[in-house]
């Protein structure tokens, strides 16, 4: 994994999203909009929503969903301490089966902190 | 479901926890302690941690875990708006398979708000 | 389980859905609409879509989702043979962990066939 | 839960299995046979296989599957210490989301030990 | 991903299946046979069964199972419209956690349509 | 996959574990210790515990967890016959969705047997 993982991840995600949306299926398009809106500011701030999305992705064990919320958490200013407390909740709720995803999430998180 | 669900839930939970801990298995006892500590105040406040626990329980579809965090969320002062925004994230992440749990969570939440 | 399970199931489902929708959360309301539309006639007929929904609910092991699609399958004219072939796919894909749900689905299906 | 849970569980299981097998679907019938044979004595003794089945059922969170293997474990002479060590593995692998199932499994296990 | 993904996928699958079957375990061999037969023509046509298999694989989030049924769906003549309606059901049932698999499935599907 | 998969797997695992533990989060550190201890000799021998861990990892479909327990099973002297009987239980419990993981587990197992 290179330091450029974020850029590569975002480009691949955009490329594939275009394939999906070019299908023209209205239900899928609307679902994508609902997904986006669920993390917008409301009664709960985006930072809290992204932490919730991160932990939900970890306990459901989806690396790509984890990477997506990792990036959002960084952009929302989640600190190292907050990040590892969220990871700890995911670990306790989801068990050791979560560990491989927690390891990769930690590496990607550390990688984004480097200058 | 009666208004007393919280009391009945907590009593049954305590009764069964005693059966588990009376087994004397040290690993299980230590896991229960780690589980408890994961939601204590730290860099993230308990309210945020309980919301995370609530959504993680919903996407993993465990009614009892949901009920446990519902109670904690209420005690931490989670508002109606915050509650339904968290439920919405769980629904979008986990899909329609979450709906039966979301329905029951909503009823239990409303039930706790009544005087 | 009584022969009236369908009526009781539908009434309870309506009652709880009202609690959810009375929350007024727009995202949840829109998700419920997308969920509904996904099974409407399109390139694939409703009968095929309900069979897909039934098997998806079985492999994800949600009794209420199974019951919902059981009713829809019956209304779409799914025959006994078609029903058990769908159940067999769910069993092979999802394994023996699906069996308790398959048992209850079979009972509810047979119950609906009785005069 | 009464002391008679085992008898009630086994009768209900038989009753529903008859509904399934009376469907006459050959694939389902063959799957049930494969399921049965997987726990027969082979290179691994039935006791080890039942412990494996118990933990697999716990991490997949199926109460009925857990109850089935609990009974088999008892009949194979699994001791209290062995039982709780298996439960501990299930808890560590599957996380706190397993706890409600672990609680009920412990009660049912203790219940079977009583004279 | 190259246009040759189908060929590479099928070759790797065959190579690994040989390793499994050369173990000589009768139960595994019989399970593979049951798996194969579940999608044969019966009361439901193979096309419907493959669509069911595709959606079940998507909601359980197994890329290889998805790829397998994608190929079968193409061979059974599933159209673009039918394909995206099935994907939409998988998305609604399984939630946003399905999206990474839906993206890859869409790319592989489009790839197979190209001349 | 080369014959050196075990060495590469163990080195990568160590490298990532260091990233996680260097976070200094006490809860995560304690969870890792509980995870380790769960497989130590007790009333059940390590070989049985590793077989349980292997099957739990297979039904939860985590390749890395499977690889970890594969190595441990080999070190505990699990024979070919015992290995495939455990795999068969995982297959029956978890269904065809387990097959891609079972294939890779078989290849890695065979690979470790070669001289």
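We just call them A, B, C, D, E and F in the order they show up, numbering each chain from 1.
By our rule, a residue touches a chain if its C-beta (ideal position, glycine included) is under 8 Å from a C-beta of that chain, and two chains touch if they have at least 3 such contacts.
What you see is a predicted model; the values in this text were computed from it and never measured.
Following the contact convention of this document, B, C, E, F is the list of chains adjacent to both chain A and chain D.
Listed by label, the chains that touch chain B and also chain C are A, D, E, F. A count of C-beta contacts for the chain pairs B-D and D-F puts D-F on top. Although chain C and chain F share one sequence, what matters here is the overlap of their interface residues, and that overlap exceeds half of the numbers used.
The rotation relating chain C to chain D, fitted on Cα atoms, comes to 120°, given as a multiple of 5.
Computed from the mean C-alpha positions, the centre of chain C lies at a distance of 23 Å from the centre of chain E. With centres taken as mean Cα positions, chain F sits 27 Å from chain E.
Put simply, the C-alpha centre of chain B and that of chain F have 31 angstrom between them. Touching of two or more other chains is recorded for residues 27, 31, 34-35, 38, 56-57, 59-60, 65, 85, 88, 91-94, 96-97 of chain A.
Put simply, chain A touches chain E in their complex at residues 13, 16-17, 19-20, 23-25, 27-28, 31-32, 35, 56-57, 60, 62, 64-65.
Those residues of chain C whose C-beta lies close enough to touch chain A in the complex are 27, 30-31, 34, 37-38. Within the complex formed with chain D, the chain F residues making contact are 34-35, 38-39, 42-44, 48-49, 51-53, 55-57, 59-60, 65, 79, 81-82, 85-86, 88-90, 92-94. Residue ranges on chain D touching chain B, taken from their complex, read 61, 80, 84-85, 87-88, 91-92, 96-97, 99-100, 102-104, 106-107, 110. Residues 59, 91-98 of chain E are the ones touching chain B in the complex.
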